[in-house]
Amino acid sequence: MKIGVFVCHCGSNIGGTVDAARVAEASREFPDVVFTSDTMYACSEPGQDGIIQAIKDNQLDGVVVSSCTPRMHEPTFRRTVERAGLNRFMFEMANIREHVSWIGKDKEANTNKAIELTGIAVEKLRRDQPLFAKQFDINKRVLVIGGGVAGIQAALDCADGDREVVLVERESTIGGKMAKLDKTFPTVDCSSCILGPKMVDVAQHPKIQLYAMAEVEEIGGYVGNYEVKIRRKAPYVNWDLCTGCGLCMEKCPSKKSTDRFNEQVGSTTAINIPFPQAIPKKAVIDPKFCIKLTKGKCGICAKICPTKAIVFDQREEIISESVGAIVAATGYDLFDISKYGEYGGGRLPDVITGLQYERLLSASGPTGGHVKRPSDGKEPKTIVFVQCVGSRDKSVDRPYCSGFCCMYTAKQAILTKDHIPDSSSYVFYMDIRSPGKMYDEFTRRAMEEYGTQYVRGRVSMIYPQGDKLMVRGADTLMGTQVEVEADLVVLAAGAEAAVGAPQLAEKLRISYDKYGFFMESHPKLRPVETNTAGVYLAGSCQGPKDIPASVAQGSAAAAKVLALFAKDKLENDPMISLVDMKRCVGCGKCVRVCPFGAIKEIDVRGEPKAEVIETVCQGCGLCTATCPQGAIQLSHFTDNQILAEVNALCQL
Amino acid sequence: MTILTQLKEQITAQLPKLDMVIGWEQGYDALHATPLFMRAAEDVERLQIGPLSVHNTATYLTGLRNKKVGLVVKGCDSRAVVQLQQEGLIDRENVVVFGFPCDGVADLTKVRRLIGDVGRVEEVETTPTELRLRVDGREEQVAMSDVMADKCRRCQYPNALVHDHFAGKPREPHATSDDYTDVQEFESQSLETRFEHWKSEMSRCIRCYACRNACPMCVCRDHCIAQSRDPHWVTQDDMVREKWMFQVIHAMHLAGRCVECGECQRACPVDIPILALKRKMNKEIKEVFNYDAGVDPQAIPPLLSFQVEEENINERGW
Amino acid sequence: MEVVDIHASCDHEFIAKVEEESEQKVRLCYQCGNCTAGCPYTFVYDIPVSQVMRLVQAGQKERLLSCKSIWLCATCESCTTRCPNEIDVARIMDVLRHMARREGYVAEKNVKKFWDTFLDSVEKHGRVFEMGLLATYVAKTGRFWTDMELGPKILPKGKLSFKPHEIQGKDKVAEIFKRFREMQQ
Amino acid sequence: MSTYAYYPGCSGLGTSQEYESSTRAVCRALGVKLVDIPDWSCCGSTPAHTVDHLLSSALAARNLALAEDLDAAAVITPCPSCLTNLKVAVHRMSDREFRMQVNKLLDKPVDRSTPVKSVLQVLAEDVGPETVAEMLPHKPLAGLKVAPYYGCIMNRPPEVMQFDDHENPMAMDNLMAALGAEVLPFPLKVECCGASYGVARKDIVAKLSGKLLQAAEDLGAHAVVTACPLCQMNLDLRQGQASSAAGHKFQLPVFYYTQLIGLALGVPQSELGLSKLCVNPRLALDAMHAVQAEKREQEAKKEAAKQIHKAKAA
Amino acid sequence: MPALAGKELRIVGFLCNWCSYGGADTAGVGRFSQPTDLRIIRVPCSGRINPLFVAKTLLSGADGVLVSGCHPRDCHYAEGNFYARRRLEVFKRFLPTMGIDPDRFEYTWVSASEGQRWQKVVTTFTEQIHKLGPAPRFGFAHEQNPATAAAC
């Protein structure tokens, strides 16, 4: 075998702390290595051309590139060697950047380490075999999980691309958080007026199948061929018959039901359509509050329903769908403000969240758009906004910035002045984060035009004093403690991962960070892809985002889906397990542990043997680690390859 | 009627339906038994059971997969049957198990240590408490309590755990629990002592693989990774390291599967105390998973399953 | 107001010392002001506590050790409890006070005298002798008029003993002080 | 119930005698067994930790070492200042190095980590307000409006104190409710009263305690209830100074919570020590009695009306 | 090329591609400095890591072995790390009988986002191995058997 080794300087990224030339020179001593060189940027066009030329000139059988992480450029270089006529699996990478040059400054130790890492790559390559992909069919339907603005955008774009879409929404209506907002920054557009038409499009699009009040129960399969089970909860109303006329709501005697849509500002009826623009506009019974369902009596709604749509004994159902790709757009939830005992959230009725305040501002909200404080319905005159409640705070395990609170607080301060001209607003902030088009100008307007008092400092405590709330904070610019007697306090509750996000991630087999936000494939270059092929991300499920960013990601995810669906066949990753029939004793241990059901037992001349289903195997290698006689080997990560790496490192 | 007579009757009755029944007979001398493969009624006469019936008859089972085989088993042998059945390596309907209450077997290495290598033993008389050996006309007596195999002293399963026929009445277990004092004692020595112990013991290994061949759970047989090039886990180099690696492989492959029949150590021609490795493994399997191999044919071996929240493993890792 | 040369005047050794003795990282402070917002003593401070933190970050030793604030912190723990960066601010205040003592800065003489008198009493008797403590404090400060009006309120209650509550192990307690002083040297 | 090693604290022998005696009486009545730490010494209080943390921990630790011989479930103390010093000592001595340093200052080294609790925590958690309520079905303190004030360090910092909600503690609230008292939502439960600055800087105490008294008065409290000798002294003995500073005369009795539990349980006056309080407790108790009397009168009227109604119906 | 004599010890890491290898990348991107001893072998999943690889590595002269995978429940292949956890735990517990300090082998979970955690894991583990010092060896082939050494 003839091997070429290419050591990358990556400008000074590697060259700064690794003597790349020496690595190349030392690599010449490795077995089978016939050519080495060091190059400034291996991934650049001249860099790649150099590799191709060297392969041709030296009749190389395989190539090692010592540069950055294979998670970055392995696909790049695989294509390079393929262009030179080699099988793309006759290639290995040594990661001498992320794992060497960037984590230490000792050039001697780094260079030595880089040489050794190159050495193990050579040893692995010496045992590489050309591998060839298998083709398989692709199901060109897409599942979108979450019907907030990101999911809506992804669904509409995919459907407009002529692909069938299955949209699953946990609540009884799509719209997500955006539907609850009164206005949007920085344009002060009416939120439901701009979102409403999109929601209607979803309802009317022939290519979109919407399941509201539904959650993803189980996901099996792999890219191109996912099998999804959807649990559809019982609304106790036959939605095929319900016309959304709302008669039932008028007559329902149980009026103290939790009003989820209005963020529990006030209460609603047990049978309910969350808001006038709901999609689907269908009634839902809350079984916790329905008198018929809790006590067995009542049934008024059933009596008056003109279409006889009420079904008290309705059960939830499981629906199966087959799709080829999945977009996760599950959004975010709000930080629980009661975790700040010193603010009294949850204890003091007039300490509310920003989203609750949106409902108080909204004309479709429980107060009809008149700002009235929850405790006594009085119109507040002094309103204090507190920023970073559950953001940038390590002590509550939320060290990240939620990103959009500064902007919505400025918007709410402006709207407050519009609603109550003789009011004064105070905003306690640490820093103002407004790096968007027209964003900073907007916060300036809140101060300059609307007279909002911005106080630079955190609030330490809020306590009732008479029928007012005493807000004690700091003005660090004045260098003193300050107090404001407020009628209403609005806490800018931070964003956190949606309830159940980690569990969904586990079903999707994608990663999530310690806060429950889903992990993208690459933070810069693959922001809507995940490490699981065929699963894409849109919106705040990946991290807090405002509306334009969420919409952009919805479209981006749709573009990825449409690109995937542009092919008629997909190729499997040929790094899969293969059985050596001679060695297999048919004990079935591999069959038992395979997480994908990718190994089946077959009969070979009366003997049981294992066989890998090539398009189902995902290449984890669990079977290889399980088989005692090593009869099933994961291609490209065989026992012998790993043993050779161990030997190269240890038997020095 | 003695247990042996009863057993012979049961075997004779079943033999026509079977390809063979495996038991024990006298070997090259009266002290050494050897496995007996009974195919005809007259073979049954040679059957002997007792403290010299040391071999694990289940060891042969996987090689006879398509045959109908009868098996005379001690308690420990029966655990191997259970374990093989659990792993789907035998078809239970092809195996007829003859059980009897086992009073424990002699460890011939202990006998040899007591009376020396005496050569051909002409006759052995066994009583519940003694072995009386006639060698060169003179008689040697050894107390069973002095020569009983260690595994029998702590045996909790003297009666076949699975059986289709049972001769005699089940007996009380020899012990009710195993506190692994031997493992603890070994580990009370310094790390260096332990390391050097194995280094020196393993230097005596002649790589005959008798330990593996005697093991009822070593089902890879011709495909053992100790002797393959692909995968190439162990080299043929004459190095302690390679020999030791094989023992580690054997112990790991037996994790959660070893029924502690002790055949590996018994078969070792140079008396390397390798059962200690399996004992250690079993101790840990018991501690972490509260699991005993070869007891329940329906159980799933602990290393072929998992719990999302492990009770005895720190979930968040190191 | 004077101009501070933030490079030249930054006492890195001082920052390191504060961090070592308090076992806190002052760099974690992002100046949100929550400590100042919650501190009940801000009204008597010459430097609010969040600025104390900033001055530590900036290595402004002289200004800190000579300030009043560090003597007026009652360790009520409101800053520590509410700090979003989980800095034990009260402990840093304590450590600054220790440093001020060691280097002879005392911006609130009476406060220090009261504490010293208290500890003298403990060293002498094993427990605090309240009446003796007051008497000594008054003698030391010369503030004879202080709390005079409270006398008629408390004395008739018969709570204040005119004799110390000596304990058997008082020499053992004194020994703790002695060993501590030896250790300091 | 377990036996507790009891650490009274110096002020219990002087300014807070009534806290000390009522604590012992209440513990006895509720079956909480106390064994005094023999020959205990001062914990060092605030002054010690302002000098040095090692010295402070050593002064506290001497008592922890003495308590080890008692083999008690926990060391308990009524005083939050003592509590803090003892708990901080235990907390910091979990670091081996620090413990060795502390032990170098001591004759008798500390070798175990003994849990330290406040008496309040024992009454709230080990006895429980439910038990107290069961003992007092007739709700003896009905009508008494109390503002429970915990002081700044009973619950803070939470990592060390490990007791109750650090922003809105409820232990005393629940105990007072168990006695039948009307517990007001006192907003400044954990705000500092001025602590030990009474002597050196009484202006501070006058202002901070004044705020607390004002808040309690605004709520319509008959009395403030405390669990801390220093808080009680600042609010009670120095109420006049607070009044002068505020330019408004406060007249709020300030009880120790143990006095009110003792009163409800029928502990003798000699142990309750109500007479040792500066602001006359009668002010509160009379108000309570008035409310109770009024309620009885109303009930009697109702009953009479019922009887008349019945008679008429008959 | 021996490990930098005197400075480094031989530490081998087996990392799953999706989480821990990514975590080590994240640590690199964040320039979280680490000791240089560790050599990382990349495998698709911690479930691929047969404990015998660890055994082989330790017997071949490594002073420490570190295995790292996705956090339980986050496995890219759904279940690989659950099996790995059991197998590696059992193996770690087996080490004392082999005469090998169990502290020479650790297994842990680091996600692709946890660059700082990776830095801490590497630093702590490397310190731990340096505290233990070089592992006892079987000696080189030629010390044991000159005949086979010649054939090497």
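Details
The first chain written gets the first letter, and so on, giving A, B, C, D and E; residue counts start at 1 in each chain.
Basically, contacts are C-beta pairs under 8 Å (C-beta built on N, C-alpha and C of every residue); 3 or more make two chains touch, one makes a residue touch a chain.
Please read these numbers as outputs of a predicted model, since none were measured by experiment.
Hopping across touching chains, the smallest step count from subunit B to subunit C is 2. Common neighbours of subunit A and subunit C, listed by label, are D.
Common neighbours of subunit D and subunit E, listed by label, are A. Between C-D and A-B, more C-beta contact pairs are found at C-D. The distance from the centre of subunit A to the centre of subunit D, each centre being the mean of the chain's C-alpha atoms, comes to 50 Å.
The distance from the centre of subunit B to the centre of subunit D, each centre being the mean of the chain's C-alpha atoms, comes to 70 Å. A separation of 35 Å divides the Cα centre of subunit B from that of subunit E.
Look at where the CA atoms of subunit A average out and do the same for subunit E: the two points lie 31 Å apart.
Touching of two or more other chains is recorded for residues 233, 304 of subunit B. In subunit C, the residues that reach two or more other chains under the touch definition are 43, 78. Shared contact sites, meaning residues of subunit D that touch two or more other chains, fall at 166-167.
Every pair of chains meeting the touch criterion is listed here: A-B, A-C, A-D, A-E, B-E, C-D. Of all residues in subunit A, only 26, 69-72, 95, 97-100, 102-106, 108-110, 112-113, 115-117, 119-120, 502, 505-506, 509, 511-514, 519, 531-532, 575, 593, 595-596, 618-622, 624-626, 634, 637, 639, 642-643, 645-647, 649-652 touch subunit E in the complex they form.
If you check the complex, the residues on subunit A that touch subunit B are 580, 582-583, 585, 587-589, 592-593, 606, 626, 628-631, 633, 638-640, 643.
Contact residues of subunit C toward subunit A in the complex are 30-39, 42-43, 48, 50-51, 78, 82-86. Those residues of subunit A lying in contact with subunit D across their complex are 340-342, 344, 347, 461, 463-466, 470.
Of all residues in subunit A, those touching subunit C in their complex are 342, 388, 392-396, 430, 456-461, 472-476, 479-482.
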